[in-house]
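In the two assemblies presented below, chain A is common to both, partnered first by chain B and then by chain C.
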Partner chain A sequence: MFPIDQYHRANSIEQACHLLAENPGSKLIAGGTDVLIRLREGKSGFGSLVDIHDLDELTGITHTPDGMLQVGSGVTFTRLINFLKSDGLLPALVEGASSIGGPQVRNMATLGGNICNGAPSGDSAAPLLVFDARVTLQSQRGKREVPVEEFYAGPGKVHLEEDEIVTQFSINPESHQNTGSHFYKYAMRKAMDIATIGCAAACKLEDNRIESLRLAYTVAAPVPKRCRVLEEQVIGQPVSRKLIADIASMVLEELSPRNSWRASKDFREHIIRTLADRVVSEAIIRAGGQL
Partner chain B sequence: MSVGLSQERLDAKAKVTGRCRFTGDLALPGTRIAKYLHSNIAHGRVVDIDTTEALAMTGVEAVFTFADIPRIPFATAGHAFNLDPAARDKEDRLLLTDYVRYHGDEIAIVVAVDGLTASKALKKIKVTYKEYPALLNHEQALDTAAMELHKGSANQVGEHSYQCGDVPAAVASADISLKGQFQTQMVQHCHMENHIAWAYMDDTDHIVIMSSTQIPHICRRIVSQALDIPMSTIQVIKPAIGGGFGNKQDVVLEPMVAFLTKKLGGVPVMLELTREECLSSTRIRHPFRVNVECAVNNDGTLKALAMDVSSNTGGYASHGHSIAKAAGSKVVPLYPNAALSYQAVTHYSNLPSAGAMRGYGSPQLVYAVESIMEEAARKIGMDSLDFRLKNVAQTGDTNPLTGKVIESAGIRECLIKGRETFGWDQKKQEHQAFKSGNIRRGLGLACFSYGSGTYPASVEIAGARMILNQDGRVTVQIGATEIGQGSDTVIAQMASERLGIPVSAIRVVSTQDTDTTPFDPGSFASRQTYIVCQAVAETGDLLRQRILEHASTMLELPVEQLTISEDAVFNGDKTVRLSLNELALDAYYHKTRGQQLTAEVSRKVTTSAYSYGCTLVEVEVDIKLCQLSILGIRNIHDSGKIINPDLAAGQVYGGVGMGISGALSEELLADPETGWIYNNNLLDYKIATMMDSPDISCDFVETHEPTAAFGNKSLGEPPLLSVAPAIRNAILDATGVAMNQLPMSPKALFNAFRDAELI
Partner chain C sequence: MKQIIQCQLNGKPVELVVDVRQSLLEALRSHGLTGCKEGCGVGECGACTVLIDEVPVDSCITLAIRAEGRVIRTIEGESINGELSPVQQAYVDAGAVQCGFCTPGLVMKTTSYIEGLAQSAGGCCQSGSNGINRDDIRREHAGNLCRCTGYQTVVDAVEKSIQYYSGQK
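Take a look at the complex of A and B:
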């Protein structure tokens, strides 16, 4: 039994927007893998629900011939993984999505939900950040689009207004074509776990030099975070073991992992450095680089 | 003939098709739901508790606090009653308390029409505490200035010691000696079905309790004591159980549901704990601190082992000092020829209450002993396996603690078999290429010995009843409880063996009901197969004799000429056949001869048998990532005659899996200042998933144990005993780093590798 006071089923995005506007304080529920946990815990703020699970308008995935990729917010991770794998797309996102929960969770959980819950540990967040994904939001007031990176507001917080719904994620062709990418989730278990540190990298090379490197971490700052300064510094650098070592030694300057009973700060810092080496190396190799 | 064959589990189909009914499935219409209010501090006193608002809520039927419960302290440990008052468990519990002894202690209870209402009502209860400093470890609890958690206890639950041989002299004369300190953590059983019980009254003075318990008969006795009502007015029923691992060898919910139904005029009241409650407010494994000294000669002779144990039982004694006591006695039959000394103390603390858990203290002690044994082998430059071969028990050795001869000991054969089938020597050779750099490989080994049942610490008694049904099939009732381990199936095989009829013609009643089931203390101490086999064998013989006697009357042939085979009685040359169906109908319904053919035997067992085994493991360590992979793990067991090879292998897979999880990741974490429990949920309590479990393999060395009806010995608990030290020794072999504290998690490896300057 769950303490649900009010429940509405939306049959379209428009109706969902209407229901959110009509019932202030309502929460959206899609796969339910986060919301039902909060309800079971008796957390306040989840008593009024607008159900958008399996909404046709939210479950589309399109990959246009020019390489534009659009994923509906209600796409489950199982579907996302199968789609990306069959088209050989976004290996880092496949790895991130595959590290979520277990098969049953991935069958229910949606990409939109994983981002909207705002967790600093969201396993799809770091891959989306390195692919410069953008998020589309809609309300009765209109539509807007922001980079996923800017959508994060703080631990457990995103810039989602009470009457808004996330409808889609889009990734531009240049953000993923001719790119090598990798994601690694460092956790205490191989399934059903929260990341101790998550790390994604996407890399483009020209003549074995870095054309662009995008590097992002989860659980290494209050929100999933790109290492922007480092990314700037490595542009144009020839690929080498020394470059990798430099990246690993610089990476912490932009990050601020917490000290908690789950893992100490120095342990997290060590893993962040180690993953910088491993994940960037793998992304470079996947981009065709020689190390 | 059925013993020794891989008979399919009797409950396999019922369980996979969902037809099997568990405690919660059987609730009566109108069952009320009760929920505990747990303390949110670890140590203190409730100075004020206001339940007015909760009681005023629609749907709330009652709220009880310390003020409402009987002031009868009782012991919860699921031991058979002891005639010696000094040997009984500590009576230190009340149904509810106003003195908080750990984070999660039970201070009030709400009864409502449904669970949601009960949960909401809990939030309306206002509690004011006076907090005291938390006493969490040996030093804090046993400090002479420490507050007493239980009056008059000095925070000590028990202590004892033994000495076999002259340890100081053996240490003094040995070529070398070495010492180590080992610390184990709080782990929890995580059985799939949480604790659940419900009760109702079906008469003015008769209470029926349905419970997921390993110990129905003992449960009845404890409820009777806790509520001060006659035992015969209580009926405890145990349906199918979703696991227990010892956590249900404790009376946790039953006295409360009986109390509640009595208070509420007999309506059914159910208590079903959440996973969170189960993790921190039922029982856990006792954390041990073990100081151990080991003395050896350069030729590999083990001269002495001196063990000093401090066991932390938490806020309430539960099984208390029995754990440290059992652990100490079960290690002796492994190295009976060395001088051995053991001293142990068990203390209270403001941690969750520790009770029985698979292995009952042995996993903690074996971790320390087998770790120091590895250190000793390294110090004298001897192969760990050769070192064990030189020192382990052999059949005919005397157990110096009991003075009794060890009738069967197959540990040498286990080691020899393991060396060969695991490829120990070959792997050792290959690993030379993996002793530097970031990826290292290592081999580890550990041995164990264990008992079968609780004798002589406790009485061992088992009962069986068999009835020839009207269709010629046989119904078996036993007091021993099936809790998922497969005991019903092996009991059917034993009955089949003695009766001469196939297992398919035998129905084992899986439900125990204290009003009708023969007496048996329950499922624990790896006792079922060993203790129950005697009663089952004798009952089978008796019923077989009665069947043949009736056949003799019907056929007018002497009993000696008759045998039972499959579904009929035959004479010697099989020229005469009388089906059991015909025979049964005659026995039941012939107007002048026969009777219902039944047999019942209750038998005490006054022996124990030692089972043995070892774990061999190969690990790979990624130093920088502080991660460990198990490349191969193999357990080799001497459990005497194996009654059912598939079920036995299943026990080993489960036990090794549990051992790996406890060795590498599980840890219930308490705040070191306040005793607050951080992770009483399965996200943060890192029990291994299937993805974390490597392929596990096993082998058996089948000795014959003469004290058991079928030559069999224990196997329920043994598979996990030697897993943690074997892995610890493999990490040492791979990296040179000794992990002397559990769990050996990535966090712990990080600290150890950093201290060793590997990272």
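Take a look at the complex of A and C:
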């Protein structure tokens, strides 16, 4: 049995906020694919749970005619993939979501849980960063919205107050329309493995020149990270093999991969450069570019 | 922290006494359904796979109370009057069962996979015609580990399942 001391089921967002405020120290449980593992490992801090699994209010996905996309925090990866694929939306997010765990895990794991656990390796993080996704938070004190990029606070940490719940993720039309995008997860195994490095790129072109490039990595810094300086530098540049090589040689300046038992710093740096080349090239091609 | 939940278990409405702290795997096994196995207990191996409302999940990382009001299928419900389901028969015929520990989970995963295929193909599900290849089968079963077979025979079994299932329909 899981060492749960207190369990409350919330039947609405409002009730979840109330339960969090009434029971300080409580944690939300959505899919539970992280929380239950931690409980089983005997990690502290998860003994008191507020269950928001499968709340109708958190499991909606809307794509308005003008291209605004809103995904409830409780949407499972399986549903997200099916929805995005059938509408031909956000290929990089489809690829990120598809690389998570195996089918059974994706049937339970939610987008909200993947971001809120703060993992530097979360496979939906890099795609959300390159689409400039924003996260909506709610508590009894009110609502607020922050870019996902700023929501990350450190390894395993996000700027989430104890009484807050993430309700949805929003992506503006201009962040994903007329855009070529790609995500690649480098891991030791083809499935059921944590990323050694993850990389996402989203690119807009005009006359085969870079109108905008957004590039993000996971496991390459304490938090999932955009390469802002590089992104500025490439604006307006004509697409060429030379540009791709330049991007690959610059990319490490903004990143700080570390040594771990999974991979050495040197090896991670190699993968980061290699993925800059592959992922940016693919995003450019998907944006209609000629390389 | 006991609760009584109602659900449909292998086609029959049941009431189960479960503890809020229990996994669905623990609840099913203590109810006598020892077909679903605990391989890892942490969502890695798929030996504990059951279907909730036809969706395969790892019952070891699912709270038992989540079964409330749902339709649960486990390996115990797959053979009817002693006759194996098409998927079970395919696993036997393909020689995909060695120690058998992973088999209940794999059979449930394959079952939901081919039933899903049949549905999306409008009631007909034929290998080849809907372009299923061995890589697709491997990807679909990536959440199930098997330490014995080396997976070739498991993929064979899934191909056979597709044949048998469409033959039966």
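Everything below uses one rule, namely that the second predicted complex is superposed on the first by the 291 of 291 C-alpha atoms of A that agree within 3 Å, B and C clash if a C-alpha of one lies under 4 Å from a C-alpha of the other, contacts with A are read in each partner's own complex, and residues count from 1 in each chain.
Just so it is clear, a residue touches a chain if its C-beta (ideal position, glycine included) is under 8 Å from a C-beta of that chain, and two chains touch if they have at least 3 such contacts.
Quantities reported herein were computed from a predicted structural model and do not represent experimental measurements.
Trainee: Looking at A:P238 after the superposition, I want to know if it touches chain B, chain C, both of them or none. Which is it: first, second, both, neither?
Mentor: A:P238 contacts neither chain B nor chain C.
Trainee: With the two complexes superposed on chain A, say which partner A:L36 touches: chain B (first), chain C (second), both, or neither.
Mentor: second
Trainee: Check the residue A:A191 against both partner chains and state whether it touches chain B (first), chain C (second), both, or neither.
Mentor: The answer is both, since A:A191 touches chain B and chain C.
Trainee: So, does A:G288 touch the first partner chain B, the second partner chain C, both, or neither?
Mentor: Neither chain B nor chain C is touched by A:G288.
Trainee: Look at A:P103 in the shared chain and tell me whether it touches chain B only, chain C only, both, or neither; answer first, second, both or neither.
Mentor: second
Trainee: Which of the two partners, first being chain B and second being chain C, lies in contact with A:G60: first, second, both, or neither?
Mentor: Neither: A:G60 stays clear of chain B and chain C.
Trainee: Please indicate which partner A:G25 is in contact with in the superposed arrangement: first for chain B, second for chain C, both, or neither.
Mentor: neither
Trainee: On the A-aligned overlay, A:Y7 touches which partner chain: chain B = first, chain C = second, or both, or neither?
Mentor: In the superposed model, A:Y7 contacts chain C only, not chain B.
Trainee: Quick check on my understanding: which residues of chain A belong to both its chain B contact set and its chain C contact set?
Mentor: 1-3, 102, 190-192
Trainee: Using the touch definition from the top, list the residues of chain A that touch chain C in their complex.
Mentor: Interface residues on chain A, with respect to chain C: 1-4, 7, 32-33, 36-37, 40, 51, 53, 78, 101-105, 107-108, 190-192.
Trainee: Which of the residues in chain C come into contact with chain A in the complex?
Mentor: Of all residues in chain C, those touching chain A are 1, 19-23, 26, 41-44, 46, 49, 55-58, 61-63, 66, 109, 139-144.
Trainee: Contact residues on chain B for chain A in the complex?
Mentor: By the definition above, chain B touches chain A via 114-116, 119-120, 123, 624-626, 665, 669, 671, 678-679, 682-684, 686, 688-692, 745-747, 750-751, 754, 759.
Trainee: Which residues, counting only chain A, touch chain B once they are in their complex?
Mentor: That would be residues 1-3, 42, 102, 186, 188-194, 196, 261-264, 267, 270-271, 274, 278 of chain A.
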